[in-house]
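Below are structures written as structure tokens.
Shared between the two complexes below is subunit A, which pairs with subunit B and subunit C, respectively.
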Partner chain A sequence: MASAKASVATRRRARVNLLPFFLLLPVMVVFLAVFAPAVIHIFLQSLWKFDSFRLAIVRDLTAANYVKFFTDAYYLNVLWLTIRISLIVTGISLVIGYCLAYFIFYRGGRFRTYYVLILLSPLLVTVVVRAFGWLLFLGDNGLLAQFLKFVLRTDSPPRVIFNEQGVILGLFHVYLPFMVLAILGSLQRIDISLPMAARNLGASAYQAFTRVTLPLSLPGVFTGSVLVFVLTMGSFAVPFLLGGGKVPMIAMQVYEKELVFINWPFAGAMGFILLAIVGTVIIFSGRALERGKYGVVFQ
Partner chain B sequence: MIHVELQSVRKTFGSVVAVNGVNLSIEKGETLALLGPSGCGKTTTLNMIAGFLDLDDGNILINGKVINNVPPNKRNVGMVFQNYALFPHLRVYDNVGFGLQMRKVPKAEITEKVKRALDMVRLPGVEERYPKQLSGGQQQRVALARALVFNPDILLLDEPLSNLDAKLREEMRLELMDLRRRLGITSIFVTHDQEEALVLSDRVAVMNAGVIEQLAIPTEIYEKPKTGFVASFIGEFNKMAGEVAEIGSGGAVKVKIAEGVVIKSNQGYGGKVGDKVQVMIRPERMRLSLQATASDNSFPVKVEKIAYLGMVIRYYITIGGVRCVVFVANRGDRLNIATGADVHVEWDNEHSLIAGL
Partner chain C sequence: MKRKIRVGFTVLTIYNVIIYLIILAPIVAVLLASISPSEAPVFPPNGFTLKWYLYAIGNSLYMGAFGISLVLGILTALSATALGTLSALALVRYRFVGRDVLQAFFLSPLILPLVLIGVALLQFYSLVGIRASIFTLLVGHIIITAPYVVRLVSVGLAGFDRNLELAARNLGASAWETFRRITLPIIMTGVVAGAAFAFIVSFGDVTLTVFITSPKVVTLPVRIFAYLEIRYDTFIFALGSMMIVFAAIAMVIIERAVGLGRVFGIEPRGR
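And then the complex of A and B:
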């Protein structure tokens, strides 16, 4: 009797545990059948040699591509530039995105849904079209330039495009919605009575925010920052169109090596370096936060 | 000495009037219950006292000073939220100590006071735990400790026991009574549970549709409900509509319910003979007996249904065409009355309350 009951319990537990597996099955099949072989192939290729005279891949196992990347000042600079721009874009999106999310959630009232729709509306247009929009607005004959020429009475007003600022501006614009959505999601999960309780206990509005609301929204801050950082690290179209060829971020280098120089092994190595950096950042920042002062909010 | 005072307090949300001219004065050390159904304005009133909502009109005074524009963090009011609102990212120590930290109390003193507060709510040694590692009852105690640790002028409690299961609620109720007696702190609590209001408070304010229908001590609320709403909200009443047949001296009134059914009362009636009125009698004030006795009111009835609740047995009968219920306490001397039995229902004059229609 007891064992029968136990086996029923085990069977029920097993059934409950299998459900997520079944739900994940389709995506796992696609990943394992299509994506994984491609990634493995690229990884193997990154360990092969490229004969630049014959423009052919030589299947000799070598770490030369990785060594070259980490010893060549040009590529180290590309890496540093990419990381720097990603950090800046993530930082700006975080500050402005948090303010925006806070405003939408706490001050939005009945217009909250509309604010979110406005926020998401740029996503209806592809990145390329949005970049062209910035070109029209910020380009040498664009609206801003005309305005600055008129106001500053000069023929060569300061440029905010075809340089790093232009790329940062464009990336910020493209990825801001992801940050706001992530933070908005975590603000929505905070019980409204918690900041009220803080106020009741003697906290000023600012203290209630820094001591209660902000720590509790850290999961959203983390998700949003990781999303923006990862997306920026791998961004291609915006630095390509708004960088004026002067902002060689890593994805552009991969593209160039792959399609212009047909050096697939080196392109593959750069791809894997990007993947490794992004993966490391996600894992370690997540761990650091879980072990930090407010780690309990991540559990 | 009047500690907290509300003067014609009014609050609207758009076109909805939540609180419509509430006047209250609460003595120092008194416990007042705001009792009413959901949407009656009791929580809005509490939130205005705490400072979470601005008033549209009127004044709130603490110690004789108008505090309408004092922000919530400067009011020195302790509050226990309905869902406790413990900070999930902070340990119990930091939760309870939060108010002291905000008041810049030295660390050693905080540790000492937090310890004493947790002892007071009989939950010692949980400082290092996080709220979600505590049971509902323990969370309630922590919330109480957090609201009391910084010596607030007033304690506000929003539905303090509603999130606990029946057994724990009884236990916490006794403990709250005890704590209230020991601390003597002025407290205001909101509840929709009449028992909670009657047991825990010195006075009860029954609220409905944004106004106070009756403000009185618990026994008076129960025994002498001033309005039909209070009567129907607190406990149960058998209500019979009828016509005033006779008004005598000393409050004696006779109301005719149906042909041959005249109910006697000595509770007085200010109107005149022929008025349509309602007679209200508490089910526990009625008695059933096998033989007719010389009671003020006595009618032969048939038992239609019996609901055995354990502590109380409910007998359903009909008087003059009106379905009534009689509560009989289960004293163990089993009244041999079965469904369908012919019995007599009786009660004394003083239990027939008469209200205008």
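And then the complex of A and C:
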């Protein structure tokens, strides 16, 4: 009797242990049959040679593609440009996004949800359409050019598109919602009675903000910054459309090397260099976040 | 003192109005520019016409791309949601060897740059000898959207009271009935939110799709992207407007079904 019961229990446990495997099976098929081999293959390929005369890949193991990236002045410049633009975009979104999140949370009142929805609505429209909307304002016959022509009394006003500024504006517009969402998330988690207590105890509004609210919202600031930085580093369509070919960010270089010059090993190597930078940022920030008990990035 | 606060408030309000104008500017501009009769795009519009819309609707190249985007978006939403929900159930509910590794593996496409995934898939397809079709696009889109579903459903499962299921089983419900009548309805918001997110990402993606597309199977964003590389005229704004209107309709449907706030995770505690 007792042994029969035990065998039923073991059989049930064995069956239960197989269930998660069956649940994961469909996703594993896609990820193990396509995703994992594709990524491994492209990594191996990035260690192969490319014969630029015969336009063929030679299967010799070499780190030449990586060495070339870090020794060629052009690619070092691409890397620096990408990092610089990402830092600038992160900084601008942080300052503007924080004010916006603060306003939505503390002054939004019953319209708070609507403010957030308007902020997020551009995310539903493909990035291509959002980028070319800017051409209407910033293009050569756009509103801004006409305004500058009028104000500066010149026929060739300074351009703010098809250069770095245009790309920064476009990227800021695309990634601002992510920053605001992250900061809003941490503002929501602050116990509202804490800044109120500070005020009650004699702190000025400014003091209550800098000493209580701001420090408590830092996890959101941190998460948002990492998110925007990582997304900007890998951005492709905006620098392509608003950079006018003069702002070669790294993802665009991958595209060009892959599809125009068909130097696949080098394109793959650049992809992995990008991943290495992004991954390092995420891992280090993840550690910092854990130390501060602030949970996971992307949450 | 009070006056000072009011001034500060006014400044903050004006500031936010300006930022909101900037946020909406390109989208409003695209909508308005599309009704302009001139071939060169202008804003504000110099007249009213719907000819660019008629031209777009009559153009089989672009309507075909629109159809492909739509079908691909729906297929991606359905399959990514099914796969993602099943794996979220396994990852949240069960403890087994390698669970953390698998979870990190399934969420990794969120961290990998899309260009890298694009290059990797293109190379892999050509290595294996698979021709580009809507199915190769679908696999790519599942890879980049399933992680979102896994996360959104996991959040719903984490706050789940298992006693409800135990009670159902105690009262005689089968395992399937319990899932169908108890588990699924409770995690439904997360599932629908995941599907909506998957559709939005799939419908708008350029960065991944541009690599794995072929001349015969092109999505609308990639088609617009390719057009903009060569030409820039009012016609493309009519196409852009159609995508915006479509996104707005999708937004209303999602808002009615689950609430957009949930899709973007801004209302975790419900209304």
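Convention: the second predicted complex is superposed on the first by the 250 of 299 C-alpha atoms of A that agree within 3 Å, B and C clash if a C-alpha of one lies under 4 Å from a C-alpha of the other, contacts with A are read in each partner's own complex, and residues count from 1 in each chain.
Everything below uses one rule, namely that contacts are C-beta pairs under 8 Å (C-beta built on N, C-alpha and C of every residue); 3 or more make two chains touch, one makes a residue touch a chain.
It should be emphasised that the depicted structure is a prediction, and the values quoted were computed from it without experimental measurement.
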| item | value |
| --- | --- |
| Room on subunit A for both subunit B and subunit C (clash or fit) | fit |
| Subunit B versus subunit C as contact partner of A:Q45, first or second or both or neither | second |
| Per-residue contact with subunit A, leading partner among subunit C and subunit B | C |
| Contacts of A:D191 with subunit B and subunit C, given as first, second, both or neither | first |
| Partner chain(s) touched by A:A182 [first = subunit B, second = subunit C, both, neither] | neither |
| Minimum Cα separation, subunit C to subunit B, after superposition on A (Å) | 8 |
| Subunit B/subunit C common contact set on subunit A | 205 |
| Subunit A to subunit C touching residues, read off their complex | 16-17, 19-21, 23-24, 26-27, 30-31, 34-39, 41-42, 45, 96, 99-100, 103, 107, 113, 116-137, 139, 141-143, 173, 176, 181, 184-185, 205, 230, 233-237, 240-241, 251, 254-255, 258-259, 264, 267-268, 271-272, 274-275, 278-279, 282, 298 |
| Residues of subunit C defined as touching subunit A within the complex | 5, 9, 12-13, 15-16, 19-20, 22-27, 29-30, 33, 40-43, 82-84, 86-87, 89-91, 93-94, 96, 102, 105-106, 109-117, 119-124, 127, 139, 142-143, 146, 151, 200, 203-207, 210-211, 220-221, 224-225, 228, 232, 236-237, 240, 243-244, 247-248, 250-251, 255, 260-261, 264-267 |
| Contacting residues of subunit A [partner subunit B, same complex] | 191, 193-194, 196-205, 207, 211-212, 215-216, 294, 296-297 |
| Sites on subunit B touched by subunit A in the complex | 50-52, 71-73, 76-79, 81-83, 85-89, 98-99, 102-103, 130, 146, 150 |
